[in-house]
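Structures follow.
Shared chain: chain A. Partners: chain B in the first complex, chain C in the second.
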Partner chain A sequence: MTGNFRSILKLLRPDFYHQMDGHLNPYFTFANYNKIWTVGILVLALTALVPLITVTGIHYQLIQKSVDSELLLRTERLTSNARRAVTFFLEERLNALRFTVNEIEYTQLTNPAHLSDVLRNIKLGFGGLSDLSVISPTGAQVAYAGPYNIEGKNYSDQHWFIECRKNNYYVSEIFRGYRNVPHIIIAVKSFRADNTFFILRATLETERLIQTVISYETGKHADIFLVNRAGIIQTPSKHHGSIFEKMALLPALKYSPRTQTIMASDGQGQKIVGYAFISTPIADTPFILMVIKQKEGMMGVWEDLFSSISWFVALCVMAILIVVTITCTFMVNKMFLADKAKAETLALVEQNNQLASVGQLAAGVAHEINNPLALINETAGYIKDLFTIAETYHQDDELMENIDSILEAVERCGRITGQLLGFARKFDIKIENINLKEIISDILLFHNKEAEYRNIKVNVDMPEGNIEIESDRGKLQQILLNLVNNAFQAMNEGCRLDIIAKRKGLDSVVITICDNGCGMPEDTLPKIFEPFFSTKERGVGTGLGLAITSGLIKKLHGDISVKSKQDEGTTFTITLPIHTKEELRDNENSLGGR
Partner chain B sequence: MKILLVDDEKKFAIMLSKRLALRGIDVDVVFTGEDAVKNTQINRYDVAVLDVKMPGIGGIKLKRKLIDLNPEMKIIFLTGHGSESDFKIGSAEAACYLSKPLHIDMLIKILHKVVE
Partner chain C sequence: MTHYNILIVDDEKRYANMLAKRLNLRGCVCEVCYSGKQALEIIKHKQFFLTLLDLRLPDIYGTEVLARMKACCAGMPVIILTAHGTQEDRQECLRKGAYAFMHKPLGIEALMLILARIRGMSA
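== the complex of A and B ==
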């Protein structure tokens, strides 16, 4: 499972994720593609996401503001309607009392039987009244009609009596009074013919008022009730306390003749508060109508909308991030591959330059060394001749041995200078038609005896038959000879060498030289085409063979690659053009004319 | 077989001539092109072994002069260098082209071959 995951992850990883080839690093234009990738994704994502998120934020604010103002407006309308109903309820009953005192004589009103008739008629006409009483200027109750036995009471020290005497009309808050039942009293002052006054007082049924208020309640999140100006609750409230309790967390209410709405918050969240001071055209009242809505509860629709918008924005953000990541990865990868190709070319040019410089140096050194070397050769040879041919001196085996080792050393030096000169010569070419089968057979002739002796199987395979190419015979021989020599040096007894040549497309031929010899360690592979690099023992290899081979192949517009595993073998693959390009032919002509 | 050996590297030329003499070859040694011309005017050589690069008259020019004097004479070039152009010219102009250091037996073999 983990293996599968890893292989998928490896597939998704772009080329630049893997560590760059160490030797190519100096040739890259940009040092760190992972950083470019990260910065690219960040910049692109920010460019796309910042406007989206900003616009969404502004939009959200606007919607919230408009929702707030809509909620305030609706609350104000509700408060205003309820206020009109409560005001009308109180005004209607005050007017009923006013009509009664103006229409009916004081003497008739003080007649209990008549007062009972009046109470009955008012109840029939308006309803909502429970008793009536007539009070004299001294505060004594003169007549009473109603269910409570409170006749003969004196109200001269009562607040309502003092207020009514002063202001002609009075509306009380809800209180318990002598009868110990919550009630409201309304009172009207009137004058008799002798200019003395009396007060007609009525008790209102609180239930009717409560029902009037509650009838405006809409939904479970709204609470509508009356408080007095000290904040004591007058009609039942769902969330803000019981009757006669102080309203919980009352916002400071400023007096206003108009309906007001405000936003307030307590421990339970934001609230929309609408309030109106109840005042009839005849008399002021102690009531304030309160409408309190819990904002959270009212935001349901808006929250659904917000949630949809949020999901949509989140999906957009995801999509943008995915597209940005894929695009950025693709672009940076393309850039990396282009840069890598450039770096490889630069490295190759650099290597070719190095080879050319080494070539020049090699030619100079070889030339300078060859003359003294020739002298050593001839001198040592002459000494040997003196012993062997002229017999001027007696045979001395030890001396002979030493001279032979001088001659051997000279021969080895000669081989090195020869190779150095060959290396310098690699830039000149001569094109002719070459039969691949022939040239491979020629090369293998050198190794026939060795292969037989060491029991090495050599197999040449050309599955598509013989191939003819246009190339430089000498260079191609040198290339193949070098590679076959290397293979023979790497193989032990009983090993096998395969040489396979086949066409690749219309224009190329691929020659594979594959041995199952000792192979090379993987870390040496990038270096084997560098001059003076050798895996052979010190003094055995010059380190120039493969550098020259690679240079020659490049000169013939070909390509060489190597695969090798320690103890398993090495495969060199050469690709050569079948037809030689014009520039090579031109090159040849110019040489010919030199 | 009589040969003329021309090389400005005196010690090399002397040693080589001694070795050739030991192998029964009649060798005259000179160190400049001018002396080579003089000797050819006097003697009839079968083969001239010439260094390509010499002060004064160079190997290529010398070869032409010597051929003028003795058209039958075969020429072998020697060189310490080995550039492609040297090789081309050398191969075109001479019977054989050898680079230093030499293998004496190979030189003897080539001399015999050239004379035949």
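== the complex of A and C ==
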């Protein structure tokens, strides 16, 4: 299970994540692809996300601001309407009293029966009044009409009496008073013909006023009520305290003739507060109309919208991140692969350059050796000539033998330098007729001594006799030398190397190079023709030998395959065409030859 | 055995002399010179059966000497005998009419074989 998961993870991992091949590092343009990948994702993601998040933020602020101002406006309108209604309610009743004192004589008013008539008429016309009384300048109640028996009381020390005497009109706050029932007093002062005055006082039922205020209540989040200037609640409030208690939330209310709205907050969150000081044209009143809305409740719709927007933005961010990651991974991987291909090519080019310079060196050495070699050859030859032709030392077998061995050594040197020259030429493509037997024994010359020393048996077998093919001598030499070298490196003392060449059909020849050396693990076989793959210890092989070999075979329109078993040996099989169509054929043939 | 008249052109004096001695022993008459100019001068006055020509001469490069020799004595075979010959040199020499292109060191028997072949052709 975990194995499966790991293999999937490995599949998802981009190529550049794996460690680079150490020896290719100097050829890479960029060293740290993980860093490029991370920086790329960061830059792309920031470029895409910053505008999105900024715009969303600005949008959010704008909407919040407009929602706030909309809420304030609505609250202000509501407060204003309610204020007008409350003001009108009080003003109407004050005007009724003013009309009464101007219209009806004092003497008639002090007549209880008449006063009762007046009370009834006012109740009919306006409603909301419970009693009427006439007060003398000394504060004594002169006449009373109403349900309470409070005749003969003296009000000279009462606040309302003092205020009304001073200001001509009076509107009280809601209070219980002597009768222990919440009520409002309104009073009007009037002058008589003898320049003395009297006060007509009426008691208002609070129920009508409360109904008027409550009728403006909209929704469960809005609370509308009256307070006096000290903040004592006058009409029922839903959330901010009971009647005659101090209001729980009280922002600093500055007096203003106009309706005001403010934002305030208490422990339960933000609130929109609208307030208006109630004042009639003829008298000031102690009332302040309060409209308090819970912002959170009012924001419900907007919050739903914001939550949808947030979800959408979150999904967008996710999508952008995924796309950015995939794109970045893809691009960086492409870049890495291109860079890797370039690095491999560069490494190969360098390797080839090294091989080329080795070839040039070999050619130079061969040329330089050839001259003294030729001199040795001729000198020794001359000595031999002296012996043979002059017949002076004709019978001296030992001398002849020694001279022959000099000549043989020279011949061998000549053959080696000749081969070195052959390698120097391997970079040109020259197709010529090649004798397979000859070229194989040329190659084996390099290994004769080693084979003898390590007791390795080398067997060359051509069951159908010698084969001639048309090919490039240098390249074929290099191919065979590489494979024979590999075989010798894989073999221990006493091993055996078989080189078999056979025709295959009319057009091709199969050369098999088979050793019974250490072999290779089977799972490495598909990779051995890849550049820089080596089963040898690090530093021993370049990992290029078989890659170059397989490249050369392809150039010669051939094919190579391998079979190997650990500890049992390796068999390389090369198939080459017998006839090669090549424009650059070497037609020159020298006579004689070496 | 017919006395072959051979010109050896090589700046390696000891090599040239030694080769001349060996050919003398085999019945040839050899003349040795160590530069291209010298060789071209000699063949103006004397006819040779064969010339053995090195490529790296101090004054004129061998291919050029070969071309001039072929210009004045077209019938005389010239064998290039060099330690340095590249594939290009080989092709150029054969194109310019060299009879053979041989690498040093060269066994005396191989040389004698070529002589025999030339004689066979000229006979």
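We take it that the second predicted complex is superposed on the first by the 359 of 594 C-alpha atoms of A that agree within 3 Å, B and C clash if a C-alpha of one lies under 4 Å from a C-alpha of the other, contacts with A are read in each partner's own complex, and residues count from 1 in each chain.
Definition applied: contacts are C-beta pairs under 8 Å (C-beta built on N, C-alpha and C of every residue); 3 or more make two chains touch, one makes a residue touch a chain.
Everything numeric here is computed off the predicted structure, so don't read it as measured data.
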Would you check which partner chain A:Asn370 touches, where first means chain B only, second means chain C only, and both and neither mean what they say? both
On the A-aligned overlay, A:Gly381 touches which partner chain: chain B = first, chain C = second, or both, or neither? both
Give one of first, second, both or neither to describe whether A:Val43 is in contact with chain B, with chain C, with both, or with none. neither
After the superposition on A, what does A:Met318 contact: first (chain B), second (chain C), both or neither? neither
Touch test for A:Ala140: chain B only (first), chain C only (second), both, or neither? neither
Overlapping contact positions on chain A, where the chain C interface meets the chain B interface: 367, 370-371, 373-379, 381-382, 385-386, 389-390, 410-411, 413-414, 418, 425, 428, 591, 594
For chain B, which residues count as touching chain A in their complex? 9, 11-12, 15-16, 18-19, 22-23, 80-85, 87-88, 99-104
Tell me, which parts of chain C touch chain A in their complex? 12, 14-15, 18-19, 21-22, 25-26, 83-84, 86-87, 90-91, 94, 99-108, 110, 113-114, 117
Residue positions on chain A within touch of chain C in the complex are 367, 370-371, 373-379, 381-382, 385-386, 389-390, 410-411, 413-414, 418, 425, 428, 430, 588, 590-592, 594
Residue set of chain A touching chain B in the complex reads 363, 366-367, 370-371, 373-379, 381-382, 385-386, 389-390, 410-411, 413-414, 418, 421-422, 424-425, 428, 591, 594
